[in-house]
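Consider the two complexes below, in which chain A is the common component and chain B and chain C are the respective partners.
Presenting the complex of A and B:
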């Protein structure tokens, strides 16, 4: 099967979208952007491939005996089981890496004890891993670093105490290892992991009236479909680090414009609030960018600003929007300058304003700034699409809707649940077009 | 104005004109910095609407603080000067030409040759398109306590020079400017000497226009923005009216003609530019502290600037203006009134839209300058209007003149690449609809 892949190497997250020759999205992948963009793009791409395999499994399992009503549940189990396999694989890598760090003066005389402590820690991490991927399990993050890190630190404290070792020693081993593990390209053996995952799921669900042999065959058929990487296009701030030639690279402004067009063909104005910049983009009926404006010189009011505010308030980034939604009255925050906003925030807190109302004011300040950038790019024309990670923030969306209504009246506002993938979708579409246009040119020449 | 970027990493053969300009500029700075020993007197003035021919009539040397700031920018010294100025109390938002100049004075006022520039004997402001310039000269007057001539140039608000405006300026020249210059220099004004200089100016101006308009060729043999900044150096600065300028522009013209004949593109700091992929019109001054990196972002992509408004701040010769020896004072008045920055927005829009058409450009790019309200005001409006009239895409980037803190390479490159790709898309869709039709 011919595949077209778009990779958006953003400052915070790296996203990938995989589409087929009919421009149907088969899979999406996301990872946190690390210092090593190369690895981030490979991980995101692999995640998109995993998602694609799930799509193909869904197609393959349609109509399988015993799954008529339970297909979604079964696929959910399969994916969780696969994630567990993946997690265990990386955990093994982390353990092996940790063991290589037990050298030098700090460990003199306690090498054996530290080694034994590591075995104890990783045994427990492996034992508790299935619970992390059980149905309904809540995780703060889906990234290995976050999940493994939190648990390691927790278990290490206990193990250190029991073994009479300094906790810092075990911490040090982990700190030195996690970066290596994170920056190592993931193992490419997806099929093996899927098969192992499937065996586990089938064993756990035997006797449900399912034809295990048939299901296994259908999944294996889905896994056997060759995914031919026909053309890859990269975008985002890390795009220059991709080992691609120039024709494989597009600016994220064009990718967000085209991606938004693919999601909503009637879009004429696009707002993208990314980690580093905010863009107001005007596109024509074919998704071609007609004009754009970006924030200048500082990232005031960008996604990073929210990250900063979250840090200031000692909260998770994803908790900001929901908390702001609880606001009952508006507090005016004038500044989108990150540092000034921090000052205003402290000032308001000191004056006794509640956090919900202050956060609502901060969200409004960001959107006010975005409105200025949009107006500089030519204003809002029906339909209007909001893309980027901040589009998932309901408080930002609420303020945006209010301000768009006040300034431009009734225009359709599109926000896709997969808005974070808009840039990668645009890139994948460019990849598809590159091949299509090439074929068209060859056709003309012939 | 010698605006040579840092020495090229790879040695590129220098054209005769480049070597000549280098010698001319070195000589000029040598004359200025040895003024004390030679007894020469100096006049500080500005580039837009400067009266070099008149200054020469009084044996005064022309010193241009703006050019000194540009030189400091290119030589990576302006950042220090700007901060020195801020220490002295000038706000972050003030024109960085001013701050670089003020900071440079505080640090010994060294010319590019490493010697101190002399205190001016007279300050002459002949241009008021930018009110900051008036404040700048008030600061210099405070510093040097020397006579200051403020030649008021009416803004071309209605888009034309009226007889009244011209008479008003000639009156000032006769009653204020010339008598003060006579007094400062001790030299009697001789109008025939002025006529002689103006005649020479016009000759050099003819060749400059020929060079600038050579960009109508495909490929363009010159870059009319980055390269153009070299070309306008002598004529916008201290050489208009001299034999040196005539020689320089004649040599340059011959070189450019040879490039056209050979079908060659522009010369860049890295040698000849590759194939011409994009033809752009640029509005606004460049960034000087990252001049070479900025230019590289263009030529690496095969983008050549075929016309720019910045190369008209010291005179719009390509629209027909020439210094006229038969009407010397009127001609000086028309010159001051007509420079690009003294023109109103409709005139600027018309000029840029015409350039897009005449030079068969792919579109307009605006470089908006953070610390220059005068140049930047109305630029978004200009952009929209030029887009509307030409149907060609436009884009907006933001940098600063000589403050290195306001040049964000990642941001600028991102916008430029997006713009070039936008041009590609536009072309592809135009071709597609052409095929469909």
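Presenting the complex of A and C:
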């Protein structure tokens, strides 16, 4: 099968979209970019392939006996089981890496204790892992670094106390190891993990007139379909570092404009709030960029602002919106700098303001900055599309809708649930066009 | 004699110092530092308070005055709160009696404070409303590089070609570090570059308070970073300031010390005036 891939190498997350020859999206993948860019784009691409395999499994399993009504549940189980396999794999790598760090003066005399503490920590992490991937489980993030990191910090505090070791020492072992683990290319054996996951799911959910042999065959067939990387286009903050030639790279402004156009062809204004930049883009009827504005090099008003606040409150990024929605009055936040806003947040909490109201104020602050960027790019014209990670945040959306209405009146506001992939979608579309245009040219020549 | 505790709640750590004060006689009984990193500062404050009491073999009832500073005003068991400018000034004089300026380098702020021989604040300047080049910035980068706090200084001092950093957002710094690492710049050169840019800002602050020819005591969480101290000395020589930089092993406690001593002072004054609140 011919595949066209777009990779958006952002500062905080890297996204990939895999498209077939008919411009249908088969899979989307995301990872954090804190490792090196090369690995990040490889992981994102692999994640998109995993998602594509899920799409192909869904197609292959359609009509399988006993799955008629339960297909969604079954696929959900299969994916969770696969994720657990992946998580345990990386956890094993992290443990092994942590153990190699116990050297030098800092550990002199406590090597054995630190080793035993690590064993205790990782045993507990492994024991609690299945619960993280249980149906309906709440996770603060889907990224290994975040999930494993948060749990490690928690368990390490307890273990350090019991073992009489400094908490700092155990934290440092983790800090030293996580980058190595993240920078290690992921194992390519997806099929093996899928099959292991499938076996576990089939064992756990027998009966209901299912033909396990038939299901297994259909899944294996879906896994066997060859995915041919026909053309890859990279974009985003780190695009220049990609090992791609020039014709495989497009600017992120172009990709966001085109991606938004693909989702909503009538889009004229795009607001993209990403991890470290906020863009206001004006596009024409065919998705070509006419004008744009970006923030300067400061995290205030970007996704990282909310990420930082979430860390401060020890909450998951996607818990912020729902909590802010419960506010009754918005607290005015005076600090511009993200780090200072974090301190202001702590001050206000200490003074007894409630979390909901402070969060509402923080969301308002980020949208106010975005509004000024949009106005500098040329204002809002109908239709307006909000993209990027923050578009998923209902509290940010609520503030945006309010401010758009106040400043520009009634305009259609589009928000796609997969808006975080807008840049990658634009890139994949460019990849598709590059091949089509090439084919068209060859046709003319012939 | 007055048993007094000072609790300094900072952005990075909670510092607690326990003193026994009798007029000009001060005896430091116990100390405790707890790093915050995603934990509740108020809980840590109580924990560190109990820890110094246990070290000194005392009970909460034995403490006449619990003085807070930094962000410690909300600690439920505090007697009084002191502004961090005054506590750092007092703490600096306690640690380095000949100091006539304090340079407080914490996680968020850099401050230069000119002080008289009794620890009174004569003037001060603070960094602005952006955390680029703050202690937090340095910590973010060190954490990304997998370097422990106490390794930063010695690595920085091995730098041969420091990488200049200027005005990078503390939050976005990680991305810049990834770029630096991918450009092949070594950890020592990255760290030294940050130290130098911090030193430049701090020296400018000191200059703007009108100081220039005195002993400067560095206080706060970064006072123990020999890389920063070395960079400050280089920068002062560069800007032709005749000040001498001094640090002290207990510099991180400056705020807590100052709070405890001011607390004792206030308590003794109230006692003399017979105005102490009655024990409940």
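Operating definition for what follows: the second predicted complex is superposed on the first by the 339 of 446 C-alpha atoms of A that agree within 3 Å, B and C clash if a C-alpha of one lies under 4 Å from a C-alpha of the other, contacts with A are read in each partner's own complex, and residues count from 1 in each chain.
Here is the rule we go by: contacts are C-beta pairs under 8 Å (C-beta built on N, C-alpha and C of every residue); 3 or more make two chains touch, one makes a residue touch a chain.
Computed from a prediction, not measured in an experiment: that's the story for all the values here.
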item: Chain B versus chain C, judged by how many residues of chain A each one touches; value: C
item: Contacts of A:289 with chain B and chain C, given as first, second, both or neither; value: first
item: First (chain B), second (chain C), both or neither touched by A:237; value: both
item: Partner chain in contact with A:314 - chain B first, chain C second, else both or neither; value: second
item: Touching partner for A:205 - first (chain B), second (chain C), both, neither; value: neither
item: Touched partner set for A:383, first chain B, second chain C, both or neither; value: neither
item: Partner chain(s) touched by A:36 [first = chain B, second = chain C, both, neither]; value: second
item: On chain A, the residue positions that both chain B and chain C contact, one per complex; value: 237, 297
item: Residues of chain C defined as touching chain A within the complex; value: 11, 35, 37-39, 41-42, 71, 73-74, 108, 129-131, 134, 136, 143-144, 146-149, 167-172, 174-175, 178, 181-182
item: Contact set on chain A toward chain C in their complex; value: 11-12, 33-34, 36-37, 106, 153, 157, 167-168, 171-172, 175-179, 237, 241, 276, 297-299, 304-305, 308, 311, 314, 335-340, 343, 346-347, 350-351
item: Chain B residues touching chain A - in the complex, by the definition given at the top; value: 370, 380, 384, 387, 393-396, 398, 406, 408, 410-411, 414-415, 417-418, 421-422, 425-426, 428-429
item: Residues on chain A engaged by chain B in the complex (per definition of touch); value: 237, 250-254, 277, 284, 286, 288-294, 296-297, 376, 378, 437
